[in-house]
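In this document, chain identifiers A, B, C and D correspond to the written order of the chains, with residue numbering beginning at 1 in each.
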């Protein structure tokens, strides 16, 4: 990286009288290009078709709110501690790690690699799904993307999202594979372990053509607004300083030691 | 806050078989309610009219991308340092403080208080604008929301956004007051200091009826996706570890001191 | 800020064969200069006297651990969500805002301004304290730095810290004023409202000569290590995903609404 | 995790009249137990010996300052954007990821696993080192912990730290192995690639008996104070809003596209 080109980008650039985004003039787009279409342009360099645009908007709508979750809990702690709203939002978004809400990343990677491999080998997706389930069983590790601790019969958002994927023509090999894995899992374990929201999102963004590394961005972006709502509700309804009451904490460490 | 109701919310809640958002079943909304409408519902408890829905979507589209800015710079540093994408996004969003990108908050507060006061006093908005400019001059402090260091003739996004506000019927007393202040400022200083993007956004969300404390959420939410795009471009195009080259740093402190 | 000197600092600089900190060679200091002394050098440009060095080290020792507090709660949420340890630490530190743990900043500012003013006016510190208490009462706002919700008879750390301040010769006008305010408060309200840890710390760093804007750094720095301990205990003792159980959440918003 | 024991810890706990840390009364420790000793107690449950205490303090002193690095750059951006100091500190600490400053974690893991294995197999550490270098070569991946892009002859902090480790009696199998790897690397590649600061720290905390997952905590804790110093210098010396000047940015994406 030469000192003369420390900073470069092919995404966007502000000039004195206009702002360029992927080659288009932003001011001309304002009012004509939707947020969902702008996101597609930002990420891929091209405006989307109508189906993809509607699918992206639907994904965003699905992730705004999920009650008192780790992300809103952290945002409320930060808001109640006397921080500006951008801190409450950013802190809440940090929760979307490998375990909470981030499994869509691992799932999208798994689906994208399996589809590429099946394609190269000429394997049917149903067979690829059986293989994925068998391998997971062998490694004794759960597959990401299936089952939800808070929704025993399946995350209600998943079938709704997949219906939109079918309706908009977005459904392709990744969603198909995700469904085949659900089928293969049920056959293997004897009960349905439905595709959860991380899985549905991961499969959908894969069929939309997005890099699996972007999965968490599709959750964190809409949730940012949900965190803002919770941060303000915390300020307006609760009594200032948020903390865990001492009677809900068990200290089970050493006691009554004396300094040497 | 009693120990029996540590956590409460009137915004949303996941039940076993459904997720409630402001009283509606989220699964029923998926595919029918847009992201912009969901945001309005989340923040206010009510679905928006068509004009407000289009205005919110347009606001989001306007803030996705602004090139190598403080937010994308920080996101790139964090991405290049070997962090997961939610960290790059969250860290970048922390930049939207009182000085950078956060002035929409101060501006929306100013407009909302001035409109309430003008309303109570029966003052015309043009007179209220003259008073605001005079007071700022007296305090020798710049008014937030006007002028842009990188766009000498005015931020090109502002007139585009205000045109949509007019077109959707969103324009009300706050945008009117913001324009009157622009007029009063020009009369006072002898040249046009146009409403910048923080000002345009702050006036628009005020006419949409949102609390001024939400202003930064309207910038950070769409920018989250822009930060994801920059975080990945950094990984894919640049050489790993991002840092300021030593030949661009001047050390002008003490030298060659010896320990006592 | 000219383009040729984008980045400059008088604090420290890495050269090829040595690292300069405030004029000294870092490698020569390693093993000879304590962390507390290095902090004093970093912040002020000068190595401290022995009393100041011991006082700084004692301050740090006092802030490592305070049980399940907002900072450790957030660090545990982030750790359990599958994040690297630097995220758990950073997210936990974000809690130290205006309300939680950050009041030392407001208190140090108050003490520093009052001492400057008393000095200029020739007012005795006891009289300055009476004035501060009277003004707070008039504005009907509590003084920061006094009282603690979890320690009804006073934060036990405060007298211990002040004893070290007396013993090391650090005690000066700010601690004296802080004690006088405690006396004046008790006279006014008829019961003792003891100096809390934010107040003790704020007064001590003021007598050490530090800028009040540094107060929160004296809390966050040592707590960073406490957050690391809690982040690992969370991983090692708890069952993965940390969340608020649904039976501890009350949803008291709208229910059973139908889309129009 | 039962609802009755949502929060538990064996590290510390505030009671009404005292604060317990690993069984000791914090107030009794203040003034008697150093920060370094408190950190050892916090992390392991036991007060350290004198050598370990001095080593920990020396580690902290070494990491306070390294000039305009990624962490201080991010802290300066956040400070200049109008954020409270805890945000500047936390954001700066987020930079310590897998690539920047975080390699001590990977290195400590490598050393700890190799020492356990050598111990179990009765392998000499010199042979274990040869094996590690051979394996890295085979995988065509660099070993973490060796070489520094800004210090061509080796990070000057490393030998200074290792000298303290020798002097305090901390040096054990991990430091020995780290030195053997340095020797084996030099033999293999024909020139010295010295142990860098991440490597020195990782080996030292391993010989101190700390879990490798704590490595980044030893860097972020002292650096928190360095970030505070840079955040304030930014405010006091620079002109407010920090950004990358447009003439240092190259936009090399699409131009002059027209909307369809």
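Definition applied: a contact is a pair of C-beta atoms (placed from the backbone, for glycine too) under 8 Å apart; a residue touches a chain by one contact, two chains touch by 3 or more.
These numbers were taken from a predicted model, which means no experiment stands behind them.
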Length of the shortest touching-chain route, chain A through to chain D: 1
Whole-Å separation of chain centres (CA-atom averages), chain A against chain C: 35
Centroid spacing, where centroids are CA-atom means, of chain A and chain B in whole angstrom: 23
Computed distance of Cα centres, chain C from chain B, in Å: 30
Multi-partner residues of chain B (at least 2 other chains): 6-14, 28-29, 33, 67-69, 73, 83-84, 86-87, 90-91, 94-98, 102, 150, 244, 246, 248-249, 251
Topology of the chain contact graph, where touching chains are joined (line, ring, star, complete, other): complete
Residue ranges of chain A in contact with chain C within the complex: 67-70, 73-74, 77-78, 80-83, 87, 90-91, 94-102, 149-150, 240-244, 246, 249, 251
Touching residues on chain D, where the partner in the complex is chain C: 1, 3, 6-14, 16-19, 21, 25-31, 33-39, 42-43, 57-58, 60-62, 64-69, 72-73, 84-87, 89-91, 93-98, 102, 105, 150-153, 156-157, 159-161, 163-164, 167, 211, 213-214, 216-217, 220-222, 224-226, 228-230, 232-233, 235, 237-239, 245, 247-248
In the complex, chain C residues that touch chain B: 5-14, 20, 22-24, 28-29, 32-33, 45, 47, 83-84, 87, 244, 246, 248-260
